[in-house]
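Consider the two complexes below, in which chain A is the common component and chain B and chain C are the respective partners.
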Partner chain A sequence: MNDVIDEAVFTELQDTAGAEFVLELVGTFLEEAPGLMAELRAARDAAHADNFRRAAHSLKSNSQTFGALRLAAAARALELAGLHPDPATDRQAIVALQAALDEAAAALQELARG
Partner chain B sequence: MAQLVPGQRRDFIGEQPVLKGKRVLVVDDNATNRRILALQTAKWGMVALTCEDGAQALALLQTETCELAILDMHMPGMDGIELAHRIRAGGNTLPLVLFSSLGRREAQDSLFAATLAKPLRQSQLFDTLVTLLAQDMPRRPAATAPAKDGIDSTLGQRHPLRILLAEDNVVNQKLALRLLQRMGYRADVAGNGIEVIESIERQPYDLVLMDVQMPEMDGLEATRRITSRWPARDRPRIVAMTANAMAGDREQCLAAGMDDYVTKPIRVDELVAALGRIKPRQGH
Partner chain C sequence: MAETQTSTFSQPARLLVADDNKVNRLLLARSLELQGHHVTLVENGRLALDRLASEPFDLLLLDIEMPELDGFEVLARLKADRALRDLPVIVTSSVEGVANVVRCIELGAEDYLPKPLNAVLLKARLQACLEKKRLRDQQKELVRRFATAEVAQDLQQSGFTLGGKRVQGTVMFSDIRGFTSMVERQSPEETIELLNTYYTLMFEAITGAGGVVNQMVGDGLMAIFGAPLPLPGHSAAAARAALEMLDLVTLYNAERALEDKMPIAIGIGIATGEMVAGYTGTQQRATYTCIGDTVNLAARLEAHTKVMGRAILLDGAARAGLGPDLSPDNMGPVVFKGKREATAVWALGPVPAAAG
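Coming up: the complex of A and B.
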């Protein structure tokens, strides 16, 4: 048990949706995630609060589906906080979020392949 | 004539592993429609075989194997429904998709696995093909009651519902369609509130599973518009799906006029309970 992936959540997903389907769904998530990260960065650069929250929300929602705890927590924090008055603070948070995503991606691929 | 409306905020560019190499038969008397469907499915890596009428299609199916067929409804001579009956009469069990400006009300549900509305949305085409072709197991015989995962695959037969899934997030969309499929349901998909309202105008639904956070028009606004426009007995039930576990979220959804609420990630037992509370509407 680690805090990257909650394996109980992941296993339950495999049980209800089917392991092969979950492998495909992980693939979909990993295809979508770079776009969401790009939306988040673009929203930060444009100071677009709604888009910022929505991109963070989507990342949170998807990571919760797979039990990616650390990633979900980082995305949720950004969703709840919204744009920070100091862009540098958000940019740091986005770097941390990207690291959490990379870590979750590796763990999910390994778990999904079984 | 069909035109392909780009999917909202999503692009489905390039080969799709789930679709790659799958053979799809397109039967339509309209050359533009055939071309659009052939080009789009080819971009996803599929092999499209096209026919301009039912007779050609029946002849082709004698010699070629296809994984799926898209049949235009209105064709001179043999229409899409008659063609579907004749394909079945020939013993072919491939999934059939009806392509029609009127949607599914033209055909009995058992004949077609899905319907594609005109104008054709790229997102709808994609979702339909993926849902029908991504099954990771051979299709189950009609009545296999509770599987080992505890999902009752006969629910859709025993408690049939016309469902519209309103969700812009592709992961959530695929998962929801998958869980519904395992319960014996299929659903149409809308990517934002505007598409939801267009879909409800087009055909009757018993249930809208409504994501709250969608671009263009969110689920709360769409719900307000639906409830102000249609009386309760003439509109689908609306069940919110939200990943916000914040206090007050449920109240906000109910205040907007939603009938019920499930949290995301979607849990099968919660979904079963919510579906069980919906009564199918009569007629339109």
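Coming up: the complex of A and C.
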């Protein structure tokens, strides 16, 4: 579980913002994340480089906030690389990203409830 | 934790947060509210500019990656906006690369904080920025209060340099007759109150006619018409101001009579000509002023109002600048102290019934 969530980052977030608030914030993230994934897929289909980068960037930014290391690394790779010349490569990466998101979501909910 | 943060904060600020990501927005708002600030949230650069145009904020926290209008574009537009270019902006972003940070700073951002934000760092940087802004606002307010709108505008446009330039203008000196004996007969509080009312009225008349009060010493004041900004018809403007000053003093005396207080009388000297106008003093402390023969002459004329028993005296050049609506009385030539040649002196305002 350690490389899914950096618990030190998560605990610090709870200390500074309050555990109750962080529980809400995790909820907000889990509501927003499917939309960001959908944007990412749509941008890939439309070959829209700006939207692709922005969606990956948002996922990276949020997962860093919660210390979701593996998810952050996967999103960051897509943000920095941008659209791949071969769409299949990106689609594969998006499937892996979705798996990292699911894994992080479960871990975050568990941690946030304490 | 939350309590200690709130208790160490000095003054709440109005903050605008622009971030397209909901999680970021909520978290940033939470941190800032825990510090005691008032926070407004918007989702993109376009909405941020709209909001800034409609209400005052102390600081903007700006994300870079945003749809509609990104952070770079917002910075560029703020920089080009006269009313908003002094608004401090802290960029908060997880956009990577030193080049992006440099670009933000070059576009005028006060600071750059990488996301995820460290709460302690955010607080420290925010405090520093707000403190700087407070000092800047204070400075602006000081300049506005002590330097007149014209001088403040001149300072903002051309910057501050000691030294003068030759200008054509009109100078006015004014003071309260018998002020010294008045001060001896009344309490200091009464004197301050009298001076404050007097200056309020005189400023009203002078600035209303386009003049700039640049010196106040005791009961005396000096005003300039035609500098630092040129003023067409500066002689007539000064004469109009002088007549208005007499009217206001008459009204003020009526009020004083109701309180059983002595009336006051003023004397005004006005001279037109060339003068050297500019900032004199040191780099640390300077004042905007005018010097030259024209200034000396205006001071002499003001002192001479006592001798002639008329409230307003003008020199020939000032009189020549008046319109047909004003017809001063010819008081004949006077040789003033320090002058080799006689000056033609003209008087405006009511003629006293008896000499004295």
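In the analysis below, the second predicted complex is superposed on the first by the 113 of 114 C-alpha atoms of A that agree within 3 Å, B and C clash if a C-alpha of one lies under 4 Å from a C-alpha of the other, contacts with A are read in each partner's own complex, and residues count from 1 in each chain.
We take it that a contact is a pair of C-beta atoms (placed from the backbone, for glycine too) under 8 Å apart; a residue touches a chain by one contact, two chains touch by 3 or more.
Since the model is a prediction, treat every value here as computed from it, not as a measurement.
Three-chain overlay on chain A, with chain B and chain C in a clash.
Legend: residue contacts after superposition of the two complexes on their common chain; A:27 is shown touching chain B, with no touch to chain C.
With chain A as the common frame, the single stretch of chain B that clashes into chain C is 276-284; none of the other options in 24-32, 132-140 or 276-284 do. Once both structures are placed on chain A, chain A residues 9, 15-18, 21, 24-25, 28-29, 32, 54, 57-58, 60-62, 64-65 are touched by chain B and, in the other complex, by chain C. Of all residues in chain A, only 9, 15-18, 21, 24-25, 28-29, 32, 53-54, 57-58, 60-62, 64-65, 80 touch chain C in the complex they form.
Residue ranges on chain A touching chain B, taken from their complex, read 9, 13, 15-18, 20-21, 24-25, 27-29, 32, 54, 57-58, 60-62, 64-65. Note for the complex: chain C touches chain A at residues 1-2, 20-24, 26-27, 30-31, 34, 65, 67, 94-96, 115-116, 119.
Those residues of chain B that touch chain A in the shared complex are 17-18, 134, 136-137, 149, 151, 169-172, 174-175, 178-179, 182, 213, 215, 243-244, 264-265, 268.
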